[in-house]
Amino acid sequence: MPTLDLALPPHAHDQQSLNTVRAGRLLDSLLQTRATSVSLVEGLSDADCTVQSMPDASPAKWHLAHTTWFFEEFILSPHLPGYRVFDPAFRYLFNSYYDTIGPRHPRPQRGLLTRPTLEQISAFRDHVDAALLKLPLDAAPASLLELGLHHEQQHQELLLTDLLHLFAQNPLHPAYRPLPGPLPAERTPVALRWIRFPGGLTEIGHDGEGFAFDNEGPRHRVWLGDFALAHRPVCNADWLDFMADDGYATPTLWLADGWRWVQEHGVRAPAYWQAHDDGFYTETMTLHGLQPLLPQAPVCHVSFYEADAYARWAGARLPTEFEWEAAAGRQAPTAPAQLADHPWRLPLAMGAAPEGDLHDLWGGVWEWTASAYLPYPGFRPAPGAVGEYNGKFMSGQMVLRGGSCATPPGHLRPTYRNFFYPHQRWQFTGLRLAR
Amino acid sequence: MPTLDLALPPHAHDQQSLNTVRAGRLLDSLLQTRATSVSLVEGLSDADCTVQSMPDASPAKWHLAHTTWFFEEFILSPHLPGYRVFDPAFRYLFNSYYDTIGPRHPRPQRGLLTRPTLEQISAFRDHVDAALLKLPLDAAPASLLELGLHHEQQHQELLLTDLLHLFAQNPLHPAYRPLPGPLPAERTPVALRWIRFPGGLTEIGHDGEGFAFDNEGPRHRVWLGDFALAHRPVCNADWLDFMADDGYATPTLWLADGWRWVQEHGVRAPAYWQAHDDGFYTETMTLHGLQPLLPQAPVCHVSFYEADAYARWAGARLPTEFEWEAAAGRQAPTAPAQLADHPWRLPLAMGAAPEGDLHDLWGGVWEWTASAYLPYPGFRPAPGAVGEYNGKFMSGQMVLRGGSCATPPGHLRPTYRNFFYPHQRWQFTGLRLAR
Amino acid sequence: MPTLDLALPPHAHDQQSLNTVRAGRLLDSLLQTRATSVSLVEGLSDADCTVQSMPDASPAKWHLAHTTWFFEEFILSPHLPGYRVFDPAFRYLFNSYYDTIGPRHPRPQRGLLTRPTLEQISAFRDHVDAALLKLPLDAAPASLLELGLHHEQQHQELLLTDLLHLFAQNPLHPAYRPLPGPLPAERTPVALRWIRFPGGLTEIGHDGEGFAFDNEGPRHRVWLGDFALAHRPVCNADWLDFMADDGYATPTLWLADGWRWVQEHGVRAPAYWQAHDDGFYTETMTLHGLQPLLPQAPVCHVSFYEADAYARWAGARLPTEFEWEAAAGRQAPTAPAQLADHPWRLPLAMGAAPEGDLHDLWGGVWEWTASAYLPYPGFRPAPGAVGEYNGKFMSGQMVLRGGSCATPPGHLRPTYRNFFYPHQRWQFTGLRLAR
Amino acid sequence: MPTLDLALPPHAHDQQSLNTVRAGRLLDSLLQTRATSVSLVEGLSDADCTVQSMPDASPAKWHLAHTTWFFEEFILSPHLPGYRVFDPAFRYLFNSYYDTIGPRHPRPQRGLLTRPTLEQISAFRDHVDAALLKLPLDAAPASLLELGLHHEQQHQELLLTDLLHLFAQNPLHPAYRPLPGPLPAERTPVALRWIRFPGGLTEIGHDGEGFAFDNEGPRHRVWLGDFALAHRPVCNADWLDFMADDGYATPTLWLADGWRWVQEHGVRAPAYWQAHDDGFYTETMTLHGLQPLLPQAPVCHVSFYEADAYARWAGARLPTEFEWEAAAGRQAPTAPAQLADHPWRLPLAMGAAPEGDLHDLWGGVWEWTASAYLPYPGFRPAPGAVGEYNGKFMSGQMVLRGGSCATPPGHLRPTYRNFFYPHQRWQFTGLRLAR
């Protein structure tokens, strides 16, 4: 698994060689990360990698090409003398949303690109990887390489969630991967406990050590009142109680926008839940195909609207992103051991962390917060196209914190701000109560 | 103009009579306010008051009936013994969005109700006003009466903005009212100056004196950095510069959602602006019909997306609602003198306030802020249907502060939180820069 | 009721005076017809006449103005020297669909025109009527006047059907007019009999006597096989049988387009039928408000899709428009006696015609045929804007024959071709079986 | 190329062995046809065969599976004792529109089925083909086998047109097949001549010899006036004249529905035409990739609306389907020689037929007629699911006659009725003028 541990060996005496060593390690990590991307599509057909199941999702092939385009556009073309562009048409085809760079293939039509083939995309990746190795180490734009690495990791998660969405539309319920081991036994979930945190003036945002996206800063002070967080996420058993209590049919539990969404789409349960013949929900579609709903597993694939309604029903609320960060900052992001081996596994093994602390903050489900995705005070996007990375999405979306079972471990940190529209739920999204 | 000055006379000795006196004054104010509502439709035809020009807007007749329904539903039926409901069908027809009360006429079909006629609505209003006078003063639910009064004032503003929207769709450009006087002369706007405010831990929200909506509290502390506000709102001359600089055609100035909105709707200028034959914008539709665009007048009828893009173009930003409140709290809301006489006038006479201070905070245009409309820490909606008043809209909308030329003066206060979706612009909405 | 009986008095000796006399009678008829239009809105409010309840329908005020515009545009402006246009803006506002004339107010926004008021439209009508009287009789463009008269009659019917649609959206179920007399008693419908007609080479289309629209010609020969028509239209009792037999839930009865329409709109019964609390349909919205469903009355407000499905269910089919015309041509269009007095009445009194013949061909419900609305062989639209009258609609619509309770009697003739899209059903539309 | 020449050898003496021989030949033809289907996807990727480029189109894989399902559902399951269904899920997945059979995978989601893979579909085809060989010849349901064969041929054409639509969405303009030879030289098209045909009572419809679909009968008499047809289809040079004369911008040339379609979709040229940088159209997307627009080639990929507008512009009209059949019936459907070898070639080589006759009736482009797709007098669908084959589409569509470059030659016959909605143009659709 790629990491960004750039701690230096003792013999690194001068700044120049130090930078060279750092850059070398970064490149190693990067190429390892890129190899991981390719491993994610092993066993998938060309068609599996080509089809787009909804405008919000992208084909796997597109993820593989777009992350590669990122290096060609931002690093190789400007920084590697004599670099030959693989195919000029790709500049148009695989630009995601960078208006600075020019027009681009419309997002909802990404799934119509049966050509280039998966094989051609692989050749594109090889071409770019080979060129990356030729980057002069002392002149390598390290911050861009690092951004590219993290960008690639983000798309690894999206590739998995988009694929799950595609397979979930298929009446055959195909499994992306077999279960990595026996399914945990069903058990009654641990009763929810409240962990208290004192308020006060709190530093929020990235402090400058290690990589972070621009939207995680500037670090700034926020005043927090005293608050408490649930020691574990809301689990499937909890959610079934909400459903049994007519949660989806009680308008006063819902935000007005949420209630409209429920009615327009006939929402009755989290995404991917399958009703048994008798009307009860007993299974859910996962990357391992249809699997039983374990009572103790964190509820997953709920929208912000659902999370908010549940919290209201439970007499609680969602935490703000500041409360979440303040609480999570006090414990290191310990990803479950098996994460490295099975980044695509179910959020099944949660709830096993030791007592007396916040459980399952990392690597189970993203946790919706009550915070709108807005710039921190003093936020300024970087100049040029890279400045479009995060800032222009600061409207209409809600922040999620933590990380999911599909999040690469290198992405788990207390200051990370994920964001989606309040109705979206094809990511591995759940919630933790606050009060 | 109704006010809520409930200061007591010196001879009010005991609590009981004191309450009675307070309630009496409140009722006086209320009935004055209700008379104002009726005066707003003077000179309008039955058709003018019936048609709904878009789902976001409501017919004037509906505003008159719905505000009346509010008193019948929340005050008279539960609190006035022997009260006879005017027409049971109105409970269904004129409920706006209270799910607790039951099913209701669909909002987009409000404009199909040619019956009841305006005359019948007037009779409904008389019936309810007469009943309000019979409320036993010592048992009057004062807080609900006060809420009803402010609710009615809110709808007075909406009635005017909805009517303007209707008339703006009419190729004949009808005037709601003649200009109350000669139009101010065109003049070069005052150069923009920055007023600095020190940051620190700041109390935000209503402090309990006088009326406030539930969403203005609880009062709580917020940490603010140092900031500066422009001494005046952005004006038409400024906006024409933005347009001349291709502001509407430069995607990097826009939030991603905003850019999509611009493209889908072909937005090229603020709402209601009319292009001259040579393509330049020289006039705008107002409640006085088509009027010239005065360079010095605050720009009006812009969406949050436009306000945000303008601020980015200007190298500035929008203030947060907390910065706005902190700054505005230091000066009393002095509505322009003519407001009381002409609540429907253009936002034309702005820019005349004394130097050295923040100009035109009140009574010109609502000012978009950078803050999403979210609950304050500790916010809890009231129990029952009244709890649906504000809380359930805390999703997807942005906060506006100040007040417009159509806002009843009693509504102008530093803690008032207005809110609309980021694309909406049929209200009198403008902006003030911050940095 | 206006007629076009232009039979001449014996003393009309020369062609010139004969033409003058004819033109004078035509003008008399025309002004009588125009007076009838005005009488149709008696008792309606300005709002009733202004609101547009769906894009397919138009406001009553618009009908009154558009028919007037027709005379101004096609007759007065070109043919009356010195004619002064009432208001130049009306040329844009009240053009329906004549591209030759220029741009026009978008159809779906007709209901936003609260101005001009009903009073101003009345003044427009008076202005045009007065000018029509000044037309020099010997130079009057008789064919255009006649077209204008029939155009006005068509809009009289549309005005009534559009108004019914508006009132049907209102939960108060307003009545346009009180019932003109006691409702007929419920009775078992007469058993259906088949009337046989021999086939052969048949002349179809208008033969040149009296007025006809261009789409009724040229007269041409069509080969017909032997056929039979039901002696009466399908009635409500028949339709309830179809519903009880799950007609609306049996896909094999429906055309593919029809089945999609049923599913998308949740169609379960004819338009305007109201279900009783126990789920049975017992009442229907009419121009007299809610009225009981009489078993013997012709079923009304069904779409072509429904008519076609019913016919299939009944083991029969719809007649072609040629069969219908061939059969109907053999009996004079005898409008029910009460038509002249109550053009807006229910199709209630049907089924009373003498035995041994086709019943209720005229003045009950329009009868859907199996024929697409296409040009007759040799059809050529008139040159100029009037050529847009009928021809450009010859796509996607189906022909109806006969006439409804809202059709002016002067419009009843065997060659008349009415046409609507197969899903439309706000006209008084029913069906008669063939085989 | 499969044919249906079932002429019998002289030694076929008795009916039983005659039937067996016939059935054997039919099976041979069928399996040859099914092999042709497979050959059509040679060289295509799994992704090419999986993606659905619009709801009207289907993936190639789906065509291969659905035609196979047809035999399993209608022939093998009911008629081959002991037949084992390949995969029960396919009954749901590959039913196209047969409501009688049960629920089915929604059409717009056909492109989400990345599983089953192309390989699994091939196995399905082999399984069914093997079973077809086991059908007892004397009991083989010959008419169903024949229907299945023709059904498969129809889908061969659709497979090609759907694939072209997919590739036309791809900015890379992939070629399905290389040009089979050098492109013909550009040349001025032959001047249009009119061929006259006398009218009279004419027999229309299939006469019972050879295969025909149910919608080609019953044979019946139609009265035709004298008419003339253009000796060749409208060609690209003609169409460029229409465009140069502002044909797409002249509303009076268009049916009202057509004009709305032009405006809503910004139609400016036939589908797949590509504008050169200077705005002129010089190339068109074909199954051989982008190719120059040959002036003499029949115009292709025009909708009925466009065909109708062109005819009006040209002072002519479209023929009725009866005129077309009457004229075409007098000459044998001689498919161009190269058809058998290159069913996917461009409609390029047209216009080479001998003088003095109707040119290019067969195998170039389908020709829109002025006739709505309606049942012939006496038409009755077959009982059971097969009855859904054609009849339920007899609403809203227009008839095309002839056959295109993608039509299997066995499908070319004067009575064949093809049908599409008037706005559709992804088939190889053109027109021939009449008057």
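Note that the chains take the letters A, B, C and D in the order they are written out, and that residue 1 is the start of every chain.
Please note the rule applied: a residue touches a chain if its C-beta (ideal position, glycine included) is under 8 Å from a C-beta of that chain, and two chains touch if they have at least 3 such contacts.
Every value quoted in this text rests on a predicted model; they were computed, and no experiment measured them.
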Neighbouring chains shared between chain A and chain D, ordered by label: none
Chain centre separation in whole Å, for chain C relative to chain A (CA means): 61
Chain centre separation (chain B, chain C; CA means) in Å: 47
Mean-CA-position distance for chain D and chain C (Å): 39
Junction residues of chain A - those touching two or more other chains: none
Overall pattern in which the protein chains touch one another (line/ring/star/complete/other): ring
Touching residues (chain side chain B, partner chain A) in the complex: 97, 99-100, 201, 220-223, 225, 251-252, 254-259, 304-305, 308, 370-372, 374-375, 377-378, 387-388, 392-396, 422
Sites on chain C touched by chain B in the complex: 45-51, 53, 89, 92-93, 105, 109, 111-118, 166, 169-172, 174
